[in-house]
Amino acid sequence: MRKLFIIIILAAFGLMLYPLIQSFSGNDHLSELATYYAQKENIEKVNSVNLVTAIVVTYRGLDTLGEVTILFLTAAIIAFFLKGPSTLRTLRPNSEIFITAARVLVPIMVMFGVYIFMNGHLSPGGGFQGGAVIASAVILMFLAFPDAPFQHKFFGFMESISGLVFVGLAALGALIGSGFLDNTILPLGTFGKLLSAGAIPVIYSFVGLKVGAELSNILNEFKSVQSDK
Amino acid sequence: MEYVSLTIGFIVIIAGLWAIMTNRNILRMIIGFSIFDTGLHIVIVSLAYVKGGTAPILDSAVGINEAIDKIVDPVPQALVLTAIVIGLGVTALMLAYAMKLHKEKKSLDIMSFRDLKW
Amino acid sequence: MSFLLISIALGVIMLVVTGIAVFHKKLIVAIIAAGVLSLFASVLYLLLAAPDVAMTEAAIGSGLSTIIFFYVLNRIRTTNGTEDQETV
Amino acid sequence: MISPIHIISIGLGTAFALGFLNKKSNGLAVSLMLVAIALMAAVSSSWFIKLYQGAEAIEVYTAGFKPPYSINLRMGLNEALLSSLINLAGFLGGLYMFKNLKNTGKHAIMVFLVFVMGLNVIILTRDAFNLFVFMEVVSIATAGLIILIQDGKSIQAGFKYMIATGIIAGIFLLGIIFAYYFSGSLNIDDISNSNLLAFKGGSVAVLMIIVSVVLELKPFPANGWALDVYEASDPGIAALISAASATAMYFVLFKLMPIADLQWYKIISTAGLITFVGSNLFGLKQTGARRLLGYSSIGQLGLLMTILGLKPFLGDKFEYIAITILISHYLAKAGLFWIAGLLKKDKLKDWALLRKKPLFLVLFGTFVFSLIGFPPFPSFFGKWELIMSLSQQGLYFTLAMILTGSFLEGIYLFRWLGYAIKMESNESWTFKLEWNKVIPPVLFGILVYLAGYYSSTFAENFNGLYFIALAFILIIYLLDFLPAAVKNILSILSLALVSWYMLPGLYSEDMLRFIFTLIFLVGGILTFIAGFAYKGKREGFYPVALLMYAGLAIIIRASTTLEFFFGWELMTAGSYFLIIRGKKSMAHGLSYMLFSMAGAYAILAAFGLSFAETASIQLSSLAAVGGNITVIFSLLAIGFMTKTASLGLHIWLPGAHAEAESDVSPMVSAILLKAGVFGLMILMIAMGNNPEATRVAYVLGWLGALTALVGNLAAAFQEDAKRLLAYSSISQLGYILFALAMMSHLGWMTAMVYSINHFLYKSILFLTIGAVVLKVGTHYMYKMGGLIKNMPLAFIAVLIGIIALAGVPPLSGFAGKWLFYNAVIDKHWYFQGVIVFFSGIIAFLYLFKLIYSVFLGQLKDNLRHVKDISIWFAIPIYILIIGLMIFSAKPDLVLKPLGEMISVWYPNAGLSWEGGLATAPYGYWNGTGVMITIGIMFMALLGWLLLLSSKAVKVGQFNIVYSAEAPQRPETTHVSYNIYAGYNKALGWMVAPKITEFWDTMSDWAHSLAEYGRRLYSGNGQVYTTYVLAYIIAFYLIMIF
């Protein structure tokens, strides 16, 4: 009976979505807004090869700020929500190969993550992706060294400092540049080079660090509760 | 192609809603949310597609001068990046809730959590 | 044209995976299926010329979320007595 | 000027920086958070001040690009006001929760700070997707704050909240992305300019955007999750959700509405209306404070939503109405939640504990009254404008529903207030009040008054001087620590001052108002004199009594319907508190309040209709009403008759008057009821000439006659002396209504004479009986008896009172009767006249019973040493008796000018005077002559009796002995117990509590409906998601059809 009701509702919902498909005609050209972003003179104003990055960090940087805030919130909430005594659980010791591989892999993954966000304005990827890769490295560490203590302080510090730098750079844009999150507070550099696009790589790097630290924190909280049996 | 992906997106959204509304198990509801989110992201990316377009990254293939005619819309892509991360935050928080709820009643059945009503 | 065929094929696979994620009896399979769905979605994003999104979805949607799911599932299994094993 | 963007820098920067602090410095962390919020508040309020002084709204572009290319924020007057409000609530909320936050640690503090910051951005941003992101920020922060207390319930509520908002956010995102696809921009202004509604897909996108914001406003019935959140989260958090979040979300809807069209406004207003009525209906069955507040919050949001939906109709009034009601809700709801948190009691009945802290009781009352929309609070003015505009637009159904919803809200809020004031409570206030938890509600309590004053300055034709009266009452309240006598003197002086200021002018200009001023204010002074009999402080008595008198004075002074209504509501509020002071008055206070509210809404609706027709709120413009006259006249008459307690609307009166304190009974009986009479007279003066009104008046005449009969009959069967007098009041007011309804010169003359008489003798009787009750300690007549020797002063007063009441010569009651018969014959209302005549005979029965069972017969053993009534009661009583005598002996003093006055409206068939001799069409009467004649006869009889008495044999009082045993029910041995049992058999069916039963049944129905309906909220979070989706579908269906 209830399922029938839900089927009816979802069917109606599907019918409601239908006009959207009906009115959808694909794109033959860019929308007005995207056209502006893709114009040469405007690209040069930001000087980022990756237009998505230009939008994420500069044009719509406030969204990104909100987004890292959400991760920050989630990490904070989970931190006080799941906090509990964490007594260690004895696990089956990992195989030597796995541990050795992890020893090698973790630094490489971290480096890779850093590479991704440093090149966010040049190639696909950026702060979030790089941050996620760093977090993956942390997971690998958790798996390989379940007994190793998690560097709470370090990650907390990273999180705070990168958040502050982000907000600070953004506010600096409003103070000395032409607006909050203005990337031209640093020299724009040569198009296509690592040191270009003004503040974008700097901001995106700190976004990456922050996301990495936040995700690691979240993962750690979930991991810690594993052991409080 | 964009029609196909848009349709898939919608179907995935509805499937996610179905999972949310019919599964009494909280974890399955959260999986439903995850599916719902994925569907949303597919829809958004589909809307960004321009016929025959390339990624909005200017490299040797797409020069700075021809960007307008070649690339796909970068705006929805930027939005979906944000949305994915938000989705992760929401999912993680829901899962934390699920753990707490389970700890409280040793059950994941949503029907067991009806202390507040009327 | 070939893109269209690929996307249709991908779409069919994704719908099947979605079906598994929604209907499969075993929770763990459902979780994995949801992760796989994300993974296929990121392939779709590549087709739709969105490499940034594809990377993010792959790393976050199918990677990290699934891991958190596993953590939670693991935690719940360890605290669960014998009772509703089936539902978990 | 600091750019508004730095609200974000400050908020987020501090939140991130808090991460550096270690675990031990949580106190520092909270303080830093408060500093950050204070800075944010400083930024927003400095903008508010600047914009208020006329500066242009500014746009902040991020990254230096113009919108739509980058995200822009707008700081306009509305934005500045609302973000200031949010930051204020955030700051006080943070202060309030200092300890909780400190104990939970820095992470919770960060969440709190981000929550407040996020709300600011929601207000400021003009970008749709940015709005989505920060709505997510806020909703995740909310989900975090809900579980701050980490008990099972809050976790459940938080989870329900998350799944519901998860779906809502998804739909919102879908809508935004399609809006972008169709319009090519994410800027809200661009989206609204691009006419999305022109094609199907676009309208679905609009639907998704609007409906999800509506869902965030918790519309009925898709709001089960929200109720749980209000109930389960920490009250400090609930306060913020209710005050700050709701404010922000409301503004979001306001901001997004331009993308929709008129049809959408209508849908929103309907959805809001359903929420307002539905939520308040379900609120009836709540027993827990926080859930009740949740229902009320949702109801208020529904009202606000309705107002937003009506924006196209309200025109430039919209902002005033929305802001006044929003601010009332904001201040009151936050304050109530904060008090709830202080009290730590969730059962409504346990709120009686609040009595132990009068400050909080006053705050509680303030917030309740401001929620309902009583003066002087902002919502009063907002609701007034709303009703006026609605009726101007002919939206009668909406108007009726809004009043219904408000009434339902009034029921549960006043019941709750009644519990707090009167419920039995043995608990003692054990916990400490921390200053940080006291300041926020106190500050909001003060603000709500200031906001009320400020709102009044925008109202047209409203005399701000009335606030001086309120300020004076406030001073009296602040002096509450003084002994009663001092406050009594101050009160008497203030009434004397007002009388001295008002009376001379009125005497020459407006006899009608002069007489009513005499009754209200001089009567007030006299009843205050009796107050000297009370020892101690009499806490809370003087402010509320003065409030009632202030209301009465304003009614007299009012020149516009707004002022009249303002005074009317003040009087209602004051008298409510007076009534509920009585010993067992909880239920009576409530029923008084409910009838008064219903009456007030009838009056309000009628004023609205009249405004719609005449486009003027001058009281005099009532005369210009033509089209809707039957409706307006009936509504006003019903409204005023709730105060005159006419049959059907009278059930509040007996209990309320009987249980009131001894000197309050005359205030609420002899004086207060006349406000209804005054209202009726104003009404009939304005509209009486219209034939349609005459038809209604005919019905009123019958109603008056029946009221007189039933009131008297019921009085005859009472054993409680004060109840007897109360029923007698009902009946006397029935006479007055009857006489007024005749709408002739003699009829009105009768009504005026009855009004004056009733004031005089009912004051005398209530004061005397009240004083006797104070001495003997019981209301029941069968427990008294034979008091004549102990209380000669009281006996004489009662004797004179009942002679006047009975209408036998020589006292002025006879004048009333005489005029009455003339008027009836003149009007040819014989049937009704017979009924009234018959009820007059019944009056003898209870009057006899009153004097006989109290003063004559056997003296009870325990009353042997009882003393005469207090001198402080005797003084006003005998002043009134002198007044009565003068009026009886020289009626022409008053009646002549009265006749002249009435001649203005009813020139024909008046009295003609020759000295003291009045001649009516059907007879003549000389008050002075009658007085002298009867006086001589009386003296002669008395002399003869005294002569005979020397031969009389004295019998000792306790000369008889019970044979063997004490009787089972001692009262049955009293000679006048159940004295009219015989009549009761014959006529008792007429006074069977049919009407009470009728109202009880109505109330039962409403409550069963609420009980049945609220099962909708099954507690299952999953079901709530179904409702959410079904709600969206419902909107879609409405949209396409």
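We call the chains A, B, C and D, going by the order they appear; numbering starts again at 1 in every chain.
Quick note on the criterion: a contact is a pair of C-beta atoms (placed from the backbone, for glycine too) under 8 Å apart; a residue touches a chain by one contact, two chains touch by 3 or more.
Here the structure is a predicted model, which is why all the values come from computation and not from measurement.
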Which of A-C and A-D has more C-beta pairs touching across its chains: A-D
Between chain A and chain C, centroid-to-centroid distance (C-alpha), Å: 20
Centre-of-Cα separation between chain D and chain C, whole angstrom: 58
Cα-centroid distance, chain A relative to chain D, in whole angstrom: 55
Whole-Å separation of chain centres (CA-atom averages), chain A against chain B: 16
Per-residue overlap in chain D, given as positions that touch at least 2 other chains: 129, 133, 136, 140, 143-144, 147, 178, 180-181, 186, 1026, 1029
Residue numbers of chain B (touch at least two other chains): 2, 7, 13, 17-18, 21, 37, 47-49, 53, 55-57, 71-72, 75, 77, 79, 81-82, 84-86, 88-90, 92-93, 95-100
Per-residue overlap in chain C, given as positions that touch at least 2 other chains: 51-52, 56, 60, 64, 68, 71-72, 75, 79
Chains that touch, pairwise: A-B, A-C, A-D, B-C, B-D
Residues of chain B that touch chain C when the two form their complex: 1-2, 4-5, 7-8, 11-12, 15-16, 18-19, 25, 27-28, 30-32, 34-35, 37-38, 41-42, 45-46, 48-49, 53-57, 71-72, 77, 80-81, 84-85, 87-88, 91-92, 95-96, 98-99, 102-103, 106-109
Chain A partner contacts - residues on chain B that touch it in the complex: 2-3, 6-7, 10, 13-14, 17-18, 21-22, 47-51, 53, 55-59, 64-65, 67-69, 71-75, 77-79, 81-82, 84-86, 88-90, 92-93, 95-97, 99-100
Chain D to chain B touching residues, read off their complex: 129, 133, 136, 140, 143-144, 147, 152-153, 155-159, 162-163, 166-167, 169-170, 173-174, 177-178, 180-181, 186, 224, 227-228, 231-232, 285, 1014-1015, 1017-1022, 1025-1026, 1029
Partner chain D, residues of chain B touching it in the complex: 13, 17, 20-21, 24, 26, 29, 33, 36-37, 40, 43-44, 47, 75-76, 79, 82-83, 86, 89-90, 93-94, 97-98, 100-101, 104-105, 110-111, 113-118
Chain C-facing residues of chain A, complex: 50, 52-53, 116, 124-126, 128-129, 132-133, 135-136, 139, 215, 218-219, 222-223, 225-226, 229
